[in-house]
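Labels for the chains are A, B, C and D, by order of writing; each one numbers its residues from 1.
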Amino acid sequence: MSSKVTTMRDAVADLVRDGDTVAIEGFTHLICFAAGHEIIRQRKRDLTLARMTPDVIYDQMVAGGVASKLIFSWLGNPGVGSLHAIRRRIEDHDPEPLEIEEYSHFGMVCRYVAGASNLPFFPIRSYYESDIPTVNPKILPMTSPYDDATEVYVVPPLRPNVSIVHAQRADASGDAQIWGLLGCQKEAAFAGERVMVVCEEVVEESVIRQDPNRTVIPGVVVDAVVEEPFACHPSFAQGYYDRDNAFYLQWDRIARDPETLATWLKEWVFDLGTHADYREKWGAAHWDALRPGDAMSGEVNYGRYA
Amino acid sequence: MSAVAEPDLGYSRTEMMIAASARGLEGATNCFVGVGLPNIVCNLAQRTVALDLQLVYESGVFGAKPERLPLSIGDPTLATGATAITSMFELFAFYLQAGLIDVAFLGGAQIDRFGNLNTTVIGPYDAPKVRLPGSGGACEIAIHARHILVIMRQAERSFVDRLDFRTSPGHSGDPAHDAARGWHGTGPTSVVTDLGTYGFDDATGEMTLITLHPGMTLDDVRANMGWEPKVSPDLGETPAPTPEELRLIREELDPRGVYAK
Amino acid sequence: MSSKVTTMRDAVADLVRDGDTVAIEGFTHLICFAAGHEIIRQRKRDLTLARMTPDVIYDQMVAGGVASKLIFSWLGNPGVGSLHAIRRRIEDHDPEPLEIEEYSHFGMVCRYVAGASNLPFFPIRSYYESDIPTVNPKILPMTSPYDDATEVYVVPPLRPNVSIVHAQRADASGDAQIWGLLGCQKEAAFAGERVMVVCEEVVEESVIRQDPNRTVIPGVVVDAVVEEPFACHPSFAQGYYDRDNAFYLQWDRIARDPETLATWLKEWVFDLGTHADYREKWGAAHWDALRPGDAMSGEVNYGRYA
Amino acid sequence: MSAVAEPDLGYSRTEMMIAASARGLEGATNCFVGVGLPNIVCNLAQRTVALDLQLVYESGVFGAKPERLPLSIGDPTLATGATAITSMFELFAFYLQAGLIDVAFLGGAQIDRFGNLNTTVIGPYDAPKVRLPGSGGACEIAIHARHILVIMRQAERSFVDRLDFRTSPGHSGDPAHDAARGWHGTGPTSVVTDLGTYGFDDATGEMTLITLHPGMTLDDVRANMGWEPKVSPDLGETPAPTPEELRLIREELDPRGVYAK
């Protein structure tokens, strides 16, 4: 199997094109900020950004000017409050409008499932007596083929041009293992036309094969593998580092003021060449403070059948 | 909100809200937990009225045992030591849509007298005055969780006669219609605010004041809602937080007073 | 949490009722033969037996007279050949007819998914230009709500009255962990109205909580937990014992002749009181020979966040 | 089948089938493996013409590395050391239906000239002469795998003019119709029997004899199929199994001669 390991710079340059629909997924966990920063740095334009929870990363990317549209289900700084750059674009068209297309969480998840499964629609029991379908014409009611009285809503498949997912570890072919919160990493990866796996550690294939039930994303759908420790900061990687909650709170302050935000982007994104520079700028003590204690999974025996 | 003086009762109005909400979880088997206050409420209930309460998070965690107060619904402390972690698809499809969730907390920027909630927008959708987070899982939680508990601070701008946007359905105002929906959920069961607790009238589905918190008056309530409140003929007073409830909130659950101050 | 641990005899007596639809799932792996034998022993009647692959266990149950109908997608003795008792019922109505309702594998899986998800139907891209829908009126064509030219087929939800699934380990509340082939154990368990988890080992809750991503079935859907080592024999439990292929081959010979089969059922099911008797009758050397070597998974670190 | 003498060529007709089928996997990236012969074929191809071939099993295994010849598609040796194990729902939805499967093997009790297959029943469905296993995954595999390779022993009763039941669709006989189906799969690409190898005609979708195995004649072929076979104008001879192919089959893959004898 040939190696797909590359750098973040090359992976973004190769896989992300102006006008693409891009999904950087990860539900609070494993949000690949480093990929978002590289997309900003490479000044990609006119992207449609899909994510269940746009989070601080999409606030940064929207402020960085890469996006013309958002597809989402919950728009906030989790546990903190608003995403101010995004709100300015939506509420005040400042500095320009931002198109939005919104779902509920279950609707977004099922859009990825439909995309991953090559299904033309996905039925869910949701949206009843809600105004959401009135503002999103892609959410349609239908009756069950078995029973005219049973109504469901359907959502259309979402197939991002590029899906970017972070994992704790992957081998050089892109077989990726995740533990802790899974979010919709698997569904987003299978739904993507092009897929980038970023990981804390590239490991030998034998490590993956020791515990095949732990594999969430198989290399067969992966185009590029990037090893980038702490790439999820200020989000977290279970067992590797904690959420940097202080930064989430700080962002609220930074993003309220467009100038402060521009200064932050310059200092922390544009003036840095790579995520290694970002790690160095925060400094070793910062990373040490985010390391959790140990809580080991224990082992299971698959048995050798030779 | 209209100014209501903070009475000096030895506890804050938020602590009263937390204690009253936790008591509403008596007998619950599992609870879909939101971030912030519901999180403290559920943890308090686990230590008082619902010892076997299993905490469920839309991030895919069932049976969480957080060692610290989670900072968000996706805190790593929720994953370590949980009973099960599942994909979000399965959490929403196999647990929530399947009807396995007993109680869920919801809140919002606006609520109407039937418990419909707006978490999407203030003002017109296409020209918002304030763009709110949107549904998240609230829309489907409102439909599928067997009981919905609402916890919200009360104010005239949030307890409104007419929502700007209905994100999550509550009661329709027509109980016959509600019964025929065939949803797992029975809709909002109670609303706990910083002023009192409300139930919903069986005959009309309308929010009804059941108890006033100590020190609060009916005038405080009227001054902080956009419609004339229906009041239970048996209107009572919410029992004050017990010393044990206060100790748990202050010493174990929120020692830094982030949420409960 | 109160314990749900009970005996196989009590679990079957409590949960399985005449006329029920019963699913004992497990795709080649973790097929709970011990539960099937107990259902035969308790002379349950008029059951509809659902399983993707009826396998030897349903041949035994059909021969044992418990079933009036089969729902399935592949009817055979895997890697060996036919299920003779079932074929006699279908082909010759010997000793009586057996109703059948058949799908493809994907159709069966999606029936469980729909049942587990409370969906009134599940859409799949299958059955095109196949005769299967002509003999199963429950498989219906429909067009996508988004595009009249896109046709899919739908299958209805399957909600067994009782789902019986085997797992390597479970705690007393029924939180069950499985590794190796997962089949549709999870989907069948969530779809069941009543659920029995049988396991090789009942373990402390702390063992389950050490590795929550390994949990396939949560206790919230489980009614009874039965600890029954080797309950899957002649099927296998990954890491615990191998498939007893010699028995699968033997069954071909036993089942060809109704009298030989009746003698086998008497000797190995009716004349034994419990699965412990069955284990003893085979003898320790038999079980020792089926034990695999070790192939450990390795551990991962969830991290302690306190 | 009509008696065809086993020619003394230093290898069995089954070994010829295996070797010829394995060569059909040249360049394949992954293969949906069935039990029995396809299993040996794939393992042989992995050692000869498709070194990076990933073995996929409908039981939910991707990238299996079996340490022994699996006895069924659900042998524990397939799980240990695999790249990924997934639920069957995901295997069928995310891998197969999504179009990720490159090649799959199918076979059956009956095949017609367009590669349609019957694995369900001989005789009428409601009054079967022989009840066969049914579809399993074959129906969806036939639709979604990009290439279908058929491996079947040839006989008049199995190579039939008209199927008793169409379990899995092949070509329709109308290439314009086939192209408009919009399936991932291009349908059956080749059929390898114990007598020869067949392709499918681009213009008609009909099975066409491409090579005869050494020692076999066109009359043997005609005697063992229920229609007059279409024969390639360039009809050639299948290259005999190489010594290395035979060594791998006999010493590594099937030392006990269970499948290949």
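Just so we're on the same page, contacts are C-beta pairs under 8 Å (C-beta built on N, C-alpha and C of every residue); 3 or more make two chains touch, one makes a residue touch a chain.
Computed from a predicted model, the values in this text were never measured in an experiment.
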Suppose you hop from subunit B to any chain it touches, then on again the same way; how many hops at least until you reach subunit C? 1
How far is the middle of subunit A from the middle of subunit B, if each middle is the mean of its Cα atoms, in Å? 29
Distance between subunit B and subunit D based on Cα centroids, please, to the nearest Å. 59
Approximately how many whole Å separate the CA-defined centres of subunit A and subunit C? 37
Among the residues of subunit B, pick out those that touch two or more other chains and give their numbers. 61, 75-76, 79-81, 85, 93, 97
Contacts with two or more other chains occur in subunit C at residues 113, 118-119, 124-125, 179-180, 182, 186, 210, 213, 238, 242, 292, 295, 302-306
Taking the touch definition from the header, please name the shape of the chain graph: line, ring, star, complete or other. other
Chains touch one another in the pairs A-B, A-C, A-D, B-C, C-D
Seen from subunit B, its contact residues with subunit C in the complex are 29-30, 52, 54, 61-63, 65, 67-68, 75-77, 79-85, 90, 93-95, 97-100, 184
Which positions of subunit C touch subunit A when the two form their complex? 118-125, 140, 142, 144-147, 150, 152, 154, 156, 168, 177, 179-180, 182, 207, 210-211, 213-214, 238-240, 242, 292-306
In the complex, subunit C touches subunit D at residues 27-29, 52-53, 72-76, 78-79, 86-87, 90-91, 102-106, 109-110, 112-113, 124-132, 135, 179-184, 186-187, 236, 238, 242-243, 245, 292, 295
What does subunit D use to touch subunit C in their complex? 35-36, 58-61, 71-76, 78-81, 85-89, 92-93, 96-97, 120, 125, 128-140, 143-144, 165-169, 172, 181, 183
Please give the residue numbers of subunit A that touch subunit D in the complex, ascending. 1, 113, 116-119, 175, 186, 190, 205, 208-210, 212-213, 215, 218-221, 302-306
